[in-house]
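Two complexes come next, and they have one chain in common, subunit A, joined by subunit B in the first and subunit C in the second.
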Partner chain A sequence: MSAEVFSVFYQFADVFAFLILSAAGLAIVFGMMGVINMAHGEFIMCGAYVTVGLVNLGVPLPIAQIAAAITAGLIGVVVEYLIVRRFYKRPLDSLLATWGLSLIVTQSMLLIVGSSVRGIGTPEGSFAIGAYTFSSYRLVLFAAAVAVLVGLYIVFMKTRFGVIARATMQNAAMARALGARTGRIYAISFGIGAGLAGLCGALYAPTMTLIPTMGATFVVESFVTVVIGGANVLLGTAPAALLLAAIRMTLNASYGQIIGQIGMLVAVILIIRVLPEGLSSVLVRRGR
Partner chain B sequence: MQTRHLLRTALLGFALGAAAPFAALAADPPLKVGLLEDISGDLAFMGMPKLHGSQLAVEEINKSGGIMGRQIELIHLDPQGDNARYQEFARRLLNRDKVDVLIGGITSASREAVRPIVDRTTTPYFYTNQYEGGVCDASMISMGAVPEQQFSTLIPWMVEKFGKKVYVIAADYNFGQISAEWNRKLMKDLGGEVVGEEFIPLGVSQFAQTIQNIQKAKPDWLLTINVGAAQDSFFEQAAAANLNLPMGSSIKVMLGFEHKRFKPPALNNMHATANWFEEIDTPEAEAFKKRWKAKFPDEMYINDMGYNAYNTLYMYKTLVEKAKSTKLEDLRKVIATGDACIDAPEGKVCIDPKSQHTSHRMRLISVGPKHEVKVEKDYGTIQPYWLGEIGCDLTKKNDKDQYTPSHLPKKS
Partner chain C sequence: MIKLLEGPQTLGRGPVFWSCFLAVLAGALIYPLFADSYDVGNFSYFLIWIFMALGLCLMWGYGGMLSFGQTLFFGIAGYAYGVLAINMGGGTTTIAALLLSVVIAMIAAGILGYFMIWGGINGIFFGIVTLSATLVLAFFLGQTAGPEWHIGDARLNGFNGMKGMDPLAIGSVYIEGSALYYVMVALIVIVYLALRMLVNSGIGNVIVATRENPQRAEMLGYDVRKYQLLTFVLGSGLAGLSGALYTSWGQFITPSSIGLPAAAMPIVWVAFSGRSDLTATLVGSFLLLFGFQTITVYSQQAALVLMGALLLATVMAAPQGFVLGIGKFVADRLTGRGKRGEADLSAASTLKTDEA
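Now for the complex of A and B:
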């Protein structure tokens, strides 16, 4: 019996971690900043490739993962400065620009690194409860997802940077008038978003096949989570991931992966129909 | 926030797909061979060896005087794993470039997308992969292995060695569905039991729930006919969760070289029946591998698709030279004699006149904990007999249909 209960928790935690980790970066870039970042998957891919590259050079996995997230973040800052910065008032064009970037990056990776890279293997460790065996690393992923949420809360709610960042996203002109260096705020925020995407890739790299288009497996989930979450990262993305994880996990367990995926997307359609501004519109209003 | 608007725009972005890049076209001369293989997109890692195999064969044939003295001009287009683009490029090769022969396609979905277009022309089409079998179509010649060569060997062996209970994870499209049907039929004949079947949408990469469903069903072994890089993540995740079950497949190891792409022991205890795998060490195979590696030193693995693609050009050469013509009807006259054979690196392979599928020397291989590949059993040459048995006879009638154990030709 306890095996069944734990198994339900484990499966829920697994889907939740996947949704949070793949959506966290996008929640900042798309949810807060309003940039439709079609290259989100490529930042994830970047994190994964850097991790595997470093591990192959002999760097321990956790350090490689942190380095990969930082690398993706720095690339994010550069991309913001060179490309995204020019499109804040033109969201449609930002879609095209980042999409173009995504195509260039995947094709370049294919040409430079090749069509597939050998995996590094998931860190050892599994445990058994009843008839089931579980991978310990999956719990690490869940812990990382919770840590990301806590980290985002602290950064955006408890720090000076967070206050200025939220002010900038809400009204850039006013923030600038009050002395905030909005250009820098945008760059750092985009960098954090890209870094979180890189972290997602870094964390999932040991468990997946590495190919240049691997980011695509995360992109749909990340966009739907952010979209039904709405503009508020903490009050939107987290409840959205909770809700979607519950729906998907239940359907996966009872009817298999196809129904799980269909069910999740149907839920997304219904939620957007009823709450076009996303879950956070309700939660934030309640909070006031 | 204008989330709603942004969402619409974002979805529009997905819907648009990618715009098609156009490959350069050469001038008109010799024999034109049209090749459709993915070298970008999700299946690029499998498609790349197919392009390389074709290029190697073309180079060798051209160096030794071409086909009936005519040089081969290879026109390769990259459909990037998109079935719509397969159709567009097939039309372009057939109607505009007027190729003498069309070769290629990776997934069964892409083959079925292209086949009706080929059927409207008089151009021969070679499909070079192993697949779920059953296509009875005069325009198509299949060069890969089919279920009577792969499943009718593998599944009885797995049942005998590991037990009668199997769990199936299959990709959710025609290949996975029909392969699963073959498994059901064979397991029934063997008195075995399919304790679970799970069809996975392409692109899904997370398998924690699947792994638990498997443990709940308690099978003796797994049939893994999952497809593509994302779905292959199953092996890594199953190994991490210590699932530790024997596995069998018609596409793993020799086709997707998972044992090279994953860190050991993720593929430990995998079994497959194959007409080619890079570890074959006969003198003919060694010589072939040496030629390949000389031209493509960075190839991670020479997979069976790439090998079949190589053979295809030699088969085409043999057919054309025997027929002294490039016309489909003349090539089919040669096939009808039952004498359409080539000496391939695996041994002699011939096209069966009734089904236009190819005989193969089949071996059952297993993967060890260090990902070493061992031959468990050598079945010798197996004919592609199933279509002929159920009544497909292309020398008499062109059905243009794909049969499965539950979709058999009408008795006439």
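Now for the complex of A and C:
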């Protein structure tokens, strides 16, 4: 019996980790600047390629993954400086600009790297409970997702940077008047967002086929999680991922992956009819 | 009715503009007499996509709703045409299949639009929800390989796409080659003029008012949601028309015409051309399609990189669109308003940019 219970938890954890890891970077950027980064998938792709490249050079996997996340974060800061910062007052144009960037990056990668890169296998290791065997790496992913949530909580709630960042999020003009360098806060936040996207790619790199268009695999999940989470990402993202993971896992188990994805999308469309501002709006109202 | 062809919502008026319009139309009509049939076929191919661009122009430029779902409805109607044409048999019924598939796309747009518009989704979220739906459809169709995925006699065939449907036909005569080209030209003229009338009519003014300020339009007594839904259904229906014509033109359709990067193409055409005017969109989209096709022959990736770069350059340098900017400049020179008109325009456009 406990094997069945654990199996359900395991499947849930798998979907939850995927949602959190793919959405966290996008959610931070959206929450701070109101910008949806359409090149999010390309930062994920970047993280995956750097990881695989380093591992093929002989670097141990965990170090390669951390290096990949940092690389993506640094590229994010550059992209923010060159492109995104011009569009904070024009959020719709930021969508187009980053989409243009996404097209350029994906297709250039196809031209330069080609479609096939030697991948790395999923780290070995499995354990058995009752009659079922589980892959350990999936639990590593779940642990990473929880660590990302805890880490974001600590950074945004317990550090000086977090206080200034939340002030900027609430009222940028006032924060500026009080001496916060909002430009720098935005750049760092975008870097964190891109770094988290890179981390997502780095963590999933061993489990996936490496192609330049792999970012698209994560895009739908990250979009819907952010839409359901709403404007206050610190409050909304985790509950949104919990809700969507529950829906998706149930459908996955009975009908397979693609019906799970369709069902999740339908659920999202139904939910926005009732809660267009997402779960965080409800939670904020409750909190008052 | 005829008066509505000109108005505050569309650029281009007076004898000069309409003479140009007729000259271009006449050129388009005599073109097949001089060109070989391969080129005529290629031109028909460019014209297929114009409907989708005009639809997006209506939604985004006039209605202020940035839909990333044009290829969603393109795909729905494209696949619907395939399924209907295969199951209902060829001949004249293909015309019915074409009309029905557009209606199916419009119904789908109505359902999705209802949930988004009545839910109050706006701006950025409107874009990413429509794009999510588009990508999910593409993923779904991509995994429908295998004989168990069929609708009637029509096999969906997964990533390789559906094929084997008849092209448009009247009786036993297929509409192809020059005939198809003339059908396309006629449809574009009808759709273009009808859209001009629509946006200059009372309904069009409410659509534009909603774009400018939804609250104000609502306070003036209009149920803006109904107008937004109408705009969304019409714009998506035009994407559906493109999809059905595309399937009929090539007798195949694949999921890759729905997913990324295809979904970005209408956005590039309309943004580059100038979303706020139908004529600019018509001209710009045609030029971009022509250029894209020319480069694609050598390298599809390079053509897509160029499209991405154009999109980035447009939003950074000319957020109102390049073709529109050039068109306004030329029009000012022609009408002799000269420097003053330009100054007013640039002032107006900076104002708009700031608001957006």
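General observations
The definition used in the following text is that the second predicted complex is superposed on the first by the 287 of 288 C-alpha atoms of A that agree within 3 Å, B and C clash if a C-alpha of one lies under 4 Å from a C-alpha of the other, contacts with A are read in each partner's own complex, and residues count from 1 in each chain.
FYI, a residue touches a chain if its C-beta (ideal position, glycine included) is under 8 Å from a C-beta of that chain, and two chains touch if they have at least 3 such contacts.
As the structure is a computational prediction, the values presented were derived from the model and not from experiment.
Aligning the shared subunit A places subunit B and subunit C in steric conflict. With both structures placed on the common chain, the touch criterion links A:V15 to subunit B but leaves subunit C unconnected.
In the superposed model, A:F87 makes contact with subunit C only, not with subunit B. Touch criterion met: A:T209 reaches subunit B, while subunit C stays clear of it.
Of the two partner chains, subunit C is the only one that A:S108 touches; subunit B does not reach it.
By the touch criterion stated above, A:G100 is placed in contact with subunit C alone, subunit B being left untouched.
In the overlay built on the shared chain, the residue A:A143 is in contact with neither subunit B nor subunit C. Of the two partner chains placed by superposition, A:V78 touches none, neither subunit B nor subunit C. When the two structures are aligned on the shared chain, A:M157 is found in touch with neither subunit B nor subunit C. Of the two partner chains, subunit B and subunit C are each touched by A:I258. Clashing C-alpha atoms with subunit C after superposition occur in a single stretch of subunit B, namely 165-173 (options considered: 57-65, 129-137, 147-155 or 165-173).
When the two complexes are laid over each other on chain A, subunit A has residues 34, 36, 91-92, 95, 99, 103, 106-107, 110, 213, 216, 220, 223, 227, 258, 261, 272, 276 in contact with both subunit B and subunit C.
On subunit B, the positions that touch subunit A within their shared complex are 1-7, 9-10, 12-14, 18, 39-42, 44-45, 47-48, 172, 198-201, 203-206, 208-210, 212-213, 215-216, 218, 229-230, 232-233, 236-237, 239-244, 260-264, 266, 298, 300. On the subunit A side of its complex with subunit C, the touching residues are 34, 36, 83, 86-87, 89-93, 95-97, 99-108, 110-111, 213, 216, 219-220, 223-224, 226-227, 258, 261-262, 265, 268-270, 272-276.
In the complex of the two chains, the subunit A residues touching subunit B come out as 7, 10-11, 14-15, 18, 30-31, 34, 36, 38, 91-92, 95, 99, 103, 106-107, 110, 114-116, 118-122, 125-126, 128, 131-135, 137-138, 206-209, 211-214, 216-217, 220, 223, 227, 230-231, 249, 252-253, 256-258, 260-261, 272, 276-278. Within the complex formed with subunit A, the residues of subunit C that make contact are 66, 112, 114-116, 118-121, 123-125, 127-129, 131-133, 135-136, 139-140, 143, 259-261, 264, 267-268, 271, 299, 301-302, 304-305, 307-316, 319, 353-354, 356.
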